[in-house]
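The following pair of complexes shares a single chain, subunit A, combined with subunit B in the former and subunit C in the latter.
Here is the complex of A and B:
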């Protein structure tokens, strides 16, 4: 009897492990493929049957991408655009979210405004691409980092507002009221009492904004065409030309593009988990 | 500092939470706002703190009208029911917060925190975080944060309601002692009539946003302004019997007692300690039967049936009577209250 139960338990464990393994393979196979392509010579890339493990690695594509071509430049542009737009979105969005959770506006505007803000995320991004292109052209901001920073900030704002609204709502009002009675200003209470308490949430939100901005392709493609303003995703896609596809260079750039986000997300992992489950457990 | 509410009202939508409240609190006084939940006592306190706007009327601190003064400039200290300690700060930082906001020098800050911590005997907790503290300790820290900066007045919103019964009684005494020592005007909100009676120099009893009575605890107890106050203050509660006064005698279906009042209908009220129970027949006593008795140790509460009425009497600890046994009641007629029936309510609307 006991042996049978043990057997069932083991089968279940194996099944669970099997499903997890399958999911893992599905998720990581493309990454592995990209990583190997970036290290293979062009001959090995197209070998049939594919060379999964045994090939002579080369860093040729990396030097090709970052020394010969302008991928270093793209990387820098991507980093500046992603970081600056994330900072803007966090500052503006956090203040907006705070106001929307804590102040009652006439005609229920506080609730309506929140919905309006969210609704800007409901239509497909491509709808705004052309108008944005025209606006940026008139403002003479085409092919500048500023145009991308403005667009990404705007694009990330609704997300920041809605995430932070949830986190702010978790902070008991008493705490801020105590701070006010203790003599602090609204802003002082926000910075000294409320923000430290929602820091994990802020970190989680920052990670998401950064990922979105870093990976963004559509607006970057429409708004930037020069090497000086191009971001990494657009730069990579640009290696697909009429005559050839530079798989090696694209993969090498892809691997590098993955790294900052990976490192940042790992560093923030502790906050990420806490931020996303904030309020789920009373503490 | 003296505090004055003048015809203060607060409405949320169509609901008047505080309705035409006028109160004059003197300097160094300990005033308790007492009433059931939803009576507007907390809203009154929050209006004074500036956390809630005033719909109409004026609030003065000293001679200054403070309706439009922002919270942080009112120089009040408040103790919240939830204590509202800042979870990410140590106890020392919590207590020092009002001083830090006022940009006091670090040295002076530390000195003051130390002094207050000693006063409240929490020196050993200064390096801990709020979540590592028990309820009673948090309560002390909240108090320390309030008294560290010598404000114009202390506002306390049910500060003891999260403590267990024993601790509550202990802290109640310490609060009273502390206020005596500091001599700062204190306004204290509670629904616990025992806290109100023990702490207050004057009690303001509220119901449904209206002030019912504002007087010393003894006067509230001995001369309640209306039936609501009479019923709310005192434990066990005052006994009431509906009936009418006819030519100097209160008459109900089972009781007749002399009472020196003009003719009217309403309810007669008598406190349990003014009802004396005897197991033997007495002259002029009202026959009753024992419903149940509750032994309290130092005294006995006797629940009695008099005709259709239930009456509670306080009897000595050694009083013994079987359930359903026949007893006789003597009422101290000079301690009897009478509340005429006005309109349909028993409180000030």
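Here is the complex of A and C:
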């Protein structure tokens, strides 16, 4: 009996290890393949059978993309748009979230407003992309960073409000009340007592906004079509849909586009599930 | 005494106004960039340009009924969403059940699984174009190496395979997310019901069916809700991978709306179609939320 149970346990462990390994390979091999393509000469790229490990790496595609072509500029645009829109969304969203968790408004307005804010995030992007294009055209803001910054701020705002609501709710009220009794104003208590306590949550939320803005594609595609204004994803997409595709350049740009995201994501693993589910699951 | 009273009432009034002042900027931004565009969109969907100017009409909505492409794109989207969702939940649930315990190297495992889902969708498209390329892609190359004839495996050039491919891409990218949420859900389940089931002599299947599944239901519903919303509006990866092709084989509703607006510049009709998509996603989310609320 004990031997049999041991046997079952061992099979289970083996099965687990096997599944783990399989899942790891399935998740990482496709990305690794892109990395190799970005480092291979064109001859090696087209080699059959595919060369997974044995090839002489070259950085030629990276210089080709970021020095010869305009990918350096797209990269800069992506960074500016992501950082500025994240800052706006954080400031506006955090203040709103604080008000919606700490004040009881008449007619349950605090709850209703929170739900309404969340519902704006549920629109499929294409629904707002069409009118936003026409609005930006009327305002002569097409092909500007400003248009993307404004749109991404609004896009991230519901997310910031919901994430920060969750983090504020975890701070005990007594701490603020003590500060208020000591003569602090409401905002003084927010900045001196509450914000330091939710700083890790604020950082996680910021990283999330950065990732979303950095990865966003549809609005950027619709709103920016010139070299001076387009973001990295739009730049990459432009190369992919051309007739003659430079696979190496495209892969190099893809690798560069994913690097900051991966670093950020690993840095805030702990909050990842919570962020991806808009605070619904506290992973 | 009266002075200090007036002072405190002024303070109170400020206190009363403060929440509105704090919420106002967020509301202004959302009204301007989420609600106004929606109103704008409704307006153009109900207008028609004629030789004498712009007139109100239902022509765009009438066209929906007779547009075969629209219907096909809608069916594609629904089939795609149901297929991808099914695979993701089954795979994610299986993985979560199997790995719901302390495992060596779990941090590393979790970190690796994050890679696909954090990737920019455009990069996901690029990765899979590289893999699926019939000439030098890693998939056909590897299959050839182990002796499989890959001549008919043209992936994005064959309608049927292209549709399978776009489903596979989403399953690849999002199964880790389903897994992580369900794992978090599993780990939040207390031990007592399991001990009770053990004492009752329940089989493993019975325990799963009557203990695990009901307690996991909220997590499953949240995953279903979030994934369904994303799947119904899918655009980026498919735009890069197949552009809706070959022909119309992988055309999804968002791609068709995009093409109508930005290739044919028929903004009114595109707006009309986008409201159908909005209605569908709304109905789906309301149903999920209703079930979720009943659950709690």
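Structure notes:
In the analysis below, the second predicted complex is superposed on the first by the 250 of 283 C-alpha atoms of A that agree within 3 Å, B and C clash if a C-alpha of one lies under 4 Å from a C-alpha of the other, contacts with A are read in each partner's own complex, and residues count from 1 in each chain.
We adopt the following convention: a residue touches a chain if its C-beta (ideal position, glycine included) is under 8 Å from a C-beta of that chain, and two chains touch if they have at least 3 such contacts.
These numbers come from a predicted model, not from an experiment.
Of the two partner chains, subunit B is the only one touched by A:177; subunit C is not. Legend: residue contacts after superposition of the two complexes on their common chain; A:202 is shown touching neither subunit B nor subunit C. In the superposition on chain A, the chain among subunit B and subunit C reaching more residues of subunit A is C.
Contacts of A:163 after superposition on the shared chain: neither subunit B nor subunit C is touched.
Using the contact criterion defined above for the overlaid structures, shared-chain residue A:265 touches subunit C, although it does not reach subunit B. Once chain A of one complex is fitted onto chain A of the other, the partner contacts of A:193 are limited to subunit B, with no touch recorded for subunit C.
On subunit A, the surface touched by subunit B in one complex and the surface touched by subunit C in the other have residues 283 in common. By the touch rule above, subunit A contacts subunit C in their complex via residues 15-16, 19-20, 23-24, 26-31, 33-34, 37, 45-50, 52, 92-93, 95-96, 98-100, 102-103, 105, 110, 113, 117, 120, 122-135, 150-151, 153-154, 157-158, 161, 186-187, 211, 214-215, 217-218, 221-222, 232-233, 236-237, 240-241, 247, 250-251, 254, 257-258, 261-262, 265-266, 269, 272-273, 276-278, 280-283. Within the complex formed with subunit B, the subunit A residues making contact are 172, 174-175, 177-185, 188, 192-193, 196-197, 283.
Contact residues of subunit B toward subunit A in the complex are 49-51, 71-72, 74-78, 80-82, 84, 86-88, 97-98, 101-102, 131, 145, 149, 155. In the complex of the two chains, the subunit C residues touching subunit A come out as 15, 18-20, 22-23, 25-27, 29-30, 32-38, 40-41, 44, 95, 98-99, 103, 109-123, 125-131, 135-138, 141-142, 144-145, 172, 176-177, 180-181, 183-185, 219, 222-223, 226, 229, 232-233, 235-236, 239-240, 243, 254, 257-258, 261-262, 267, 270-271, 274-275, 277-278, 281-282, 285.
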